[in-house]
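Listed below are the structures to be examined.
Next come two complexes, and both contain subunit A; in the first it sits with subunit B, in the second with subunit C.
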Partner chain A sequence: MLVMGEVHTGLLQSSGEIPESACRDVLHLMSGETVRLSRRPMIYAVSPDLLTGVDCRLPSASRSRIRGVGTVVSHSSITGGRVVQGSSYARVERAETDRRLAWSHYLARPGVIEVLGKAKSSDLGDGFIGDPQPNGLDLGSISARFMDVVQSSPLLDRRAPFKVARTKVRWVAQPGDPAIRFTLNADQTRTIRIAHSGDFTPAVVDLCEDLALHDWLLTTLLLIVERARIGGRAGPEVVAKLAPAVDHLLHLWMPAARVDEALVPYWHGLEDRMRFTAQWERLVRRIRDQLTLNDAAMLRSARHP
Partner chain B sequence: MLIFAISGKGGTGRSVTSTNIVYRHALQGNDVCYLDFDFGSPTAGAIFSVGAVARGTRRHGLHEYLRGDCAEPHQVDVWSESDREGLRTRPPEAGRLVLLPGSEGGGELSGGNEDMVRRCVQLFSRLNEEFDLCMVDVSAGRSYTAELVLNATARLPSIPFRWLVFHRWTRQHIIAADGLVRGDDGLLDAGARLGHDPEALRDRIRFVRTAVLEPDAAELVGLRDEQRAWLFACDQELRELAGRHKVGRTAMLGKIPLDPILQWREQIISDEDVLASKIANAETASAFDELAKKIVDDTAWEGL
Partner chain C sequence: MTSVDATFGEVAAERRTASAPLSHVSIELGHLYMEDFEAGPERLRQQFRRVAPWAATVRTSWQDRVPGRRARVSTCFLIDDYFSRFSTPAELIPMVLEAAAECDLTIDYLARESACAVSDGVELAKLVEDRLVDDPSPDTNGSRPPVKETGWLCNGSRSPQVGSVQAMGKAQRWAPPVQNAKRGHSVFVDVELWDEHGGKRTWSCPFLAAVWQLLRLGLLRREGRLPVRPVPRDDAFPEDWESLPAIVQLNPAAAPFSAYTTLSVLSPRFLPVELAVRTILSQVAVDGDVLEQVAARSGGEGIKLEDELVDRISYVFT
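Entry: the complex of A and B
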């Protein structure tokens, strides 16, 4: 019917970026199973998928009572030794019968939530993307917990270089003519709707996580530039406020680097409309200009004290 | 940084002072949040003039969150949701100012459980990711709430925290403030039982005097000589008492003068109240401003 997921993204609670081995150790603590790691184009470490059993009301735009039983798949990841994500998703499918079966049945289909009774896929999707009801399926709190496990690791010093809120991306994928829509809400939440041709594959999850990562980077860089109050205070103070961006963020922008080739056109489609990279580059130039100006001013005052 | 606001007695000015400190800290450019853990009487909404949560919130207050009835507590952005025009415009240099209200009609927390401690730990660590400073109004006296936060901070060794003990400048208040910290089952006792190092914990506690009327204050010029002499003698006695109870100058972080408008109404004192309408005293605003700096100034917190 459809797949729904939620990705939370935040700054790793450590003073500097952590090396590959530390990424592995932090994520290893979660399950004891092997951590998957790739080095190119950037160090990316991800915990094994873990399951959470659910038997709850599913989201519904029409506020119908729809019961779903099954499991949610989640994992945590660290990108560039600096950015943490907690990500969960479930495929929602019609059950064969209207009664609940033994857990062994659901465990045999990891990541599937079966709908007991009638439900329309569009009603479920709209309900999930819109205002979620309390006491229903809450992928957000599962993803938040998967982030917490990383953030509270005793291996981290918790002295992050700046404070920043986590962002939350809720997404829905349905079969259809390929299309993607990304919406920014007033708070820290964003939504993505994807229509994909053919069967759903976990590559769609990777795409959503990559979009969430870059949306967080952009949101955070905007915040740092805003906090720096360029033009509103002395140059060296502005530069001090901008420094964490240079030290910790600028090198992380690599859109679609981890995205399956077949899905890269979705990224391009969004870029054409949302101009993420153009905005990122403009901000980076602005930061670099401030650094250059400040260097020049320092040089001048050193020559003519 | 987590700051816990507590007092030996009720009605000391703990809520009014701690909210004003947080407000000043936001004006100084920091992202701050205020957690109303005074579950018996959540009044922070009223002080920030957010009418919708004046007596706590009906949906997802901290009380519900700690009991596990909701996944995330309600957050109020004071800069946009306050009913006071003066608070509704965020100055360009100011950071975020967020209130996490208690639950309306929630009642005191009575004996919690391991789950509640776990949720409190989770709350503090998530907020610490996002805010430079979190001020927690822990309510007056020994309480389960005080134990809860002592327990939570013992499990978060890498998140810095400090305690402010508010008291008025009277015999009873001085004795009560000392008792709350050093008495049987006081903060140090309870803290040690819950895994804190008592010496380290002691260094993280400072006292704040509220609603102080100095005997030489301008308000007192009309007094007779006999009255003034009596006040000076009384003040001297209190100083000695405070010294004996280790609540004296060295352990004091600051003091807030008595202000007529706070005596009449629990509110935030904005610069506009001082400069434009002139209803508040400049000394009060600058005392809040000063304290807002001192709570994060390490030199003010060096070992005693």
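Entry: the complex of A and C
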């Protein structure tokens, strides 16, 4: 019927970027399962997929009582040794019977939530993207826990170079003519609706995680520039405020680097509309200009003390 | 200029899952505890005499199912060296083999129960414990981590603590436990997985039996590899259990140890243990790649396996 997911993204609670070996240790969430890691174009490490069992009300725009039983798939990941994500999703499918079955039935279909009774996929999707109901399926809490498990690792020094809130992206994927819609909501949550041709594959999850990562980078860079109050305080102070961006963020922008080739057009489609990269590059130029100006000023004062 | 289709792969980022050689059925001919051993070889002969006709029936029924009657059937025997240590492999194994042969049974593989806890430094029991996904009670929406009684696993909601006082000062009344997938009425099962004394963990018999079933079904992997492989027997059996491999292949011509399905022929006194085993196995999440691998292999042979792994396990209680 449809797939629902939620990705939380934040700054790793560590003073500097952590090396590959530490990524592996921090993400080692299950014995006997290796942490998958890729080094190109930048280090990306992801924990094994873990399941969480649920039996609860599913979101519904019409506020119908729809019961779903099954499992949610989650994992934690670290990009560039610096940005942490907790990501969860579940495929929602119609059950063959209206009765709750033995748990072994649901574990034979990992990552599927079966709907007991009648439900419309559009009603579920709109409900999930819209106002979440209390006591309904809470993918947000599950993803938050998968982020917390990394952030609370004893291997991290917990001295992040700056404070920034985590971002939350809720997404829904349904079969249809290829389309994507990204919405920034007033409450700081973001929502993505994806229509994909053919069957759902986990590549859609990678796409949403990549979008969430870049949305967080952009949001964070905007915040750092805003906090620096360019023009509102002395040059060296501004530069000191902008320094963390240079040290920790600027090299991480690499849109669609991990996205399946078949889904890259979704990124391009969004770029055409939202001009993410253009905005990022403008901010980067602004930061570099400040650094250049400050260098020049320092040079001048060194020559003419 | 024409475009070039380029691909780039990184080995570390890809997941590899080894496949296990698989028989059609793995028949457990018996499970030997100290009390059986103490009762002498006649007890063993009795056990094998009871098992033999059932083993023959299962073998024939698989031969009828498989083209050319080429059913792959392997037999195994489990010796408890975990809860109590008795005798030595050198003394015990020949006695077991002799008693089996008298009833025209061949034991293909012999396993040690302690290997289900730790084998060659691999903590198999821990591997399975980490793969437990708790059966959620109604209104479990993911907002809180699963409620756990450390070291226990159940198939529903436990009774609230009698006598505990809630925030408003009213003492809680007793309420019955409820099975999550009940049909009309509940059969509530709560299984002890392990206990700890002086910092040492002892896994329960049902938990090790669950590990044993997963090994026989070829569904366990450690970092994508098979955690235990049968080792061919030496000419002589060792004097201590530690020197005996986790699984010894006694019959060089045996079909593979692991199988699509398992059959255990057991005394009815094991019924509660096996209910506990099924309660545990119903909550083990087997690696999706491994499940697909087994489904593809069996499908290729024209055999449709049950989706749920507990349905691939059968018993004869006699």
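The criterion applied here is as follows: the second predicted complex is superposed on the first by the 301 of 305 C-alpha atoms of A that agree within 3 Å, B and C clash if a C-alpha of one lies under 4 Å from a C-alpha of the other, contacts with A are read in each partner's own complex, and residues count from 1 in each chain.
Definition applied: a residue touches a chain if its C-beta (ideal position, glycine included) is under 8 Å from a C-beta of that chain, and two chains touch if they have at least 3 such contacts.
No experiment lies behind these values; they were computed from the predicted model shown.
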Give one word, clash or fit, describing how subunit B and subunit C relate on subunit A after superposing. fit
In the superposed arrangement, does A:Asp138 touch subunit B (first), subunit C (second), both or neither? both
Between subunit B (first) and subunit C (second), which, if any, makes contact with A:Gln13: first, second, both or neither? first
Of the two partner chains, subunit B (first) and subunit C (second), which one does A:Asp148 touch, if any: first, second, both, or neither? first
So in the superposed three-chain picture, is A:Ala165 touching just subunit B, just subunit C, both, or none of them (first/second/both/neither)? first
Counting residues of subunit A touched by each partner, does subunit B or subunit C come out ahead? C
First (subunit B), second (subunit C), both or neither touched by A:Gly232: first
Quick test of understanding: once the structures are aligned on A, what is the angle at the Cα centre of subunit A formed with subunit B and subunit C, as a multiple of 10 degrees? 100
Touched partner set for A:Asp157, first subunit B, second subunit C, both or neither: first
In the superposed arrangement, which partner chain does A:Ala302 touch: subunit B (first), subunit C (second), both, or neither? neither
Once the two structures sit on chain A together, report how near the CA atoms of subunit B get to those of subunit C, whole Å. 6
Please identify the positions on subunit A that touch both subunit B and subunit C, taking each partner from its own complex. 138, 141
Subunit A-touching residues of subunit B, taken from the complex the two chains share: 29, 31, 70-72, 92-93, 95, 121-122, 125-126, 128-132, 158-159
Show which residues of subunit A lie in contact with subunit B when the two form their complex. 10-11, 13, 134, 138, 140-141, 144, 148, 151-152, 156-160, 163-166, 227, 229, 232
Parts of subunit C lying in touch with subunit A, wherever the complex brings them together: 8, 10, 12-15, 122-123, 126-127, 130-131, 133-146, 155, 180-181, 183, 221-224, 227, 281-286, 288, 291, 307-311
Report the residues of subunit A in contact with subunit C in the complex, numbered from low to high. 30-34, 36-40, 44, 51-57, 69, 71-72, 88, 99-105, 107-111, 135-139, 141-142, 145
